[in-house]
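Should a chain be cited, it is by its letter among A, B, C and D, assigned in written order, with residues numbered from 1 in that chain.
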Amino acid sequence: MDKVYPGVDEAVADVPDGASIAISGFFTAGTPVPLIQALVKQGAKDLTIICMQMGPGNEDINQLVVNKQVKKAICNYPFYRSATRGADSPAEQAVRAGELEMEVYPMGTFTEKLRAAGAGLAAFYTPTGVGTVVERGKEKRKFGDNEYLLELALKPDYAFVYAYQGDRMGNLTCHLTARNYNPEMAAAGKITIAAVENVVEPGKLDGDTIHVPGIYVQRVVKVDRPSYFPTID
Amino acid sequence: MNVTKKFKGLSRELIALRVAGELEDGTYVNLGIGIPTLVSDWIEGRDIVLQAELGMLNTGPLASQDEVEQDLINASCQPVTELPGSCYFSENESFAMIRGGYMDAAVLGALQVSEKGDLAGWQNPSRGLSEDIGNIGGSMDLAVGARKVIVAMMHVTNDGQAKIVKECSYPLTAQAVVDLIVTDLAVIEVTPKGLLLREVAAGLTAEDVQSVTEAKLIVSPDLTEIQL
Amino acid sequence: MNVTKKFKGLSRELIALRVAGELEDGTYVNLGIGIPTLVSDWIEGRDIVLQAELGMLNTGPLASQDEVEQDLINASCQPVTELPGSCYFSENESFAMIRGGYMDAAVLGALQVSEKGDLAGWQNPSRGLSEDIGNIGGSMDLAVGARKVIVAMMHVTNDGQAKIVKECSYPLTAQAVVDLIVTDLAVIEVTPKGLLLREVAAGLTAEDVQSVTEAKLIVSPDLTEIQL
Amino acid sequence: MDKVYPGVDEAVADVPDGASIAISGFFTAGTPVPLIQALVKQGAKDLTIICMQMGPGNEDINQLVVNKQVKKAICNYPFYRSATRGADSPAEQAVRAGELEMEVYPMGTFTEKLRAAGAGLAAFYTPTGVGTVVERGKEKRKFGDNEYLLELALKPDYAFVYAYQGDRMGNLTCHLTARNYNPEMAAAGKITIAAVENVVEPGKLDGDTIHVPGIYVQRVVKVDRPSYFPTID
């Protein structure tokens, strides 16, 4: 199995209007920036973007919003911390203007919804969010002495993930805290596209150290190591 | 409650120092954004393992300019360093361990804390967003999952609003989760009977602290100056 | 149904060969215990990745005596080898990928298959255990999770009982999951209209196969000899 | 943090009567045999054993049954495949005699119940087991076009796990298919005891290759590498 695509443009070419796309990365770390840039260029519209944030640490996400490609965002930390900076944020302003739908989940619930989808589970009960606005419209149920919310699996059409190394079969290894959302998003995506810094032949990676088994990855594309100074300020 | 009196108390750094005194050796701790982050400066060398919610245990100090590794950041997107015994895992695993009860303590900032220990910390309505939209991040999971929740914050807002209140008016992070509140003016324990004022800043009386606190404080018979 | 006639058909090895012909290149496949395990002998060198349910992708052939590594076994506890691109993960991750729909095909043994594609394979009541107790193992997850479920088995039991039945009388593994049945006597597709007899063993007629099959077979207009 | 115990006897000394214990291992692979042997010696009674099997590939589990220490077994593949061999199996005979309670779950449900407990989730909906005896007494619910069963988290008092390498802080790495149940059982156990072949100082393991973060492990004990020929025949 050789899942390597010639470039990011080819890898995202078939993303249709209306697709849902999970995009990995915790602020700057482990974000598949070249795939986002290719998506901006490709121009698909009415997208649902499932991503930690809408701008902070990742200005390319902003570009999707500026480009009016995003219909809905599903996030856990969408906005710049600073309200002042938020006033200049395309996503925050689009939300205020009613031009961008948004759902926000607690970080653990957000990633667990993706994990459930990848794992073939329909839903789960979590204690997080009980007694807050997060419980609105959700079933609340007692198990033992505690209350839990029913949260549903969230299965994206595509997942854009990032890895330090990967082989042609799609086995990926991540580096330090750049792992973050990558494994569970890779498993959740119906079509998972991995931007990989170092593409190697099968057998070059130690099978005990793989973070994303290749079965979850449909496309591999080599990218240059991005260079940035991590900051959200 | 609008507060007219202003008192001088601990600096942000000393609030963090007081919190550090609450943390026990041999424990796993998550530090939130803001004053809680400063706690790390006071526990260097101690047998406390810090968790970074994006997927790391045993987070080391902030990286100096020439130590920066772009793949190694903390939850505030600051470059950090590793320590012997550091390990990495996915975000999902990180929140599994948070919800699973493995954090001995979480130190969080807050906008408001109620007398029942309700915590409001993720959304300030003054920003003008719909009340179900904002930066929840990891706060709700941490507030629910940690065995002990310590709030570290200034006692009143910059514009003189009480933050320790009868009922939170801001969107909640979690209900009845706060165990201890450490501010520039006081150390207050959340007990089944209400808020127990245990320590006050040097030069202040229990009445002073009550005057800038909306919730009713029970004054501890063992009231002391803040123990640094 | 007790079957009086006996026919000579394919060996277990050739059943496995016929199943191998159903598997497509570029796919991920899980092989169950028994005849399904033999399929691996027929796909060596093909672009098919085998999953071992205890937590391995790209399982290689059985280990020879001097290749045995006790930490490297398949789901039947047989020492195996790795191939370039093998990777390892936890049992939990393994079943996440099975339920998550990542197995393009699962080849399973069976005690009974019904005309609706119900599969009974984990418990033979003759053992005398309570019907909720037995070796479920990974069978139920595989039957539910795999995109295509191929049953590989002998057409009738050793003591002459039909295994392709109207309704399973043994405890079910899963309902309406079987896509294709490959036996020593026939290849039968489970369709919304019923069981479609597509291929018969050399020298046999559709009537012969029907005579040892309790469920009603629809004979394909393109009926052929089993394609090896 | 130094979690190293002097030996297996000290590590299991406080297991009380009536405890529930998850024991890792897929047949012979990744099984903490020295901890099971120590438990036999220690003698705690009325135990609930949560383990893939009750005997096949692990004769030491049999010894717990012979010793009448086990009240209940929660398994997914409890018995020898061969009915003939089953006739000599202590667990199978104890079940037949009504002396050993047993619950059997599909393998994926079994491990997911443990995973849910470690992850602080109360319950989940899985498609596995619908229309079978597994659904008895369980809530069945439709999500989309499919039916799912509600399965509850299963939290053991102890987990006995096995690792190829581990540091004194409890970070563990597993080897090949010996990983199997170890990570999720380690996370599920209130007290997790790891039998480790190679105990090293913190910093000796690559943090990107850890399979069990140390936070899940309360006790580490060095054991010799077991030696056996993998077989259940």
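Everything below uses one rule, namely that contacts are C-beta pairs under 8 Å (C-beta built on N, C-alpha and C of every residue); 3 or more make two chains touch, one makes a residue touch a chain.
Small disclaimer: the values here were computed from a predicted structure and weren't measured.
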What chains do subunit C and subunit D have as common neighbours? A
Starting from the Cα centroid of subunit B, hunt down the chain whose centroid lies farthest away. C
Between subunit B and subunit D, the Cα-mean centres are separated in Å by 37
Which integer distance in Å separates the CA centroid of subunit B from that of subunit C? 56
Return the distance between the CA-based centres of subunit A and subunit D, expressed in whole Å. 33
Residues touching two or more other chains, restricted to subunit C: which are they? 56, 82, 88-89, 95-96, 98-99, 145
Could you list which residues of subunit D touch at least two other chains? 112, 115, 119-121, 126-127, 174-176, 179, 207-208, 211
What's the contact topology between the chains, one of line, ring, star, complete, other? other
Kindly provide every pair of chains that touch. A-B, A-C, A-D, B-D, C-D
Which residues of subunit B touch subunit A in the complex? 33, 52-56, 68-79, 82, 88-92, 95-96, 98-99, 118, 124, 126-129, 131-141, 144-145, 171-175
For subunit A, which residues are in contact with subunit D within the complex? 112, 116, 119-127, 141, 143-144, 146, 148, 152, 173-176, 179, 206-209, 211
The residues of subunit D that touch subunit B in their complex are 1, 115, 117-121, 167-169, 171, 187, 201-203, 205, 207-208, 210, 213-216
Along subunit B, where are the residues that touch subunit D in the complex? 26, 28, 47, 49, 51, 56-58, 82-89, 93, 95-102, 145
Complex contact set, residues of subunit D against subunit C: 26-30, 56-57, 76-79, 81, 83, 86, 92, 95-96, 102, 104-109, 111-112, 114-115, 126-134, 136, 164, 174-184, 211, 226-232
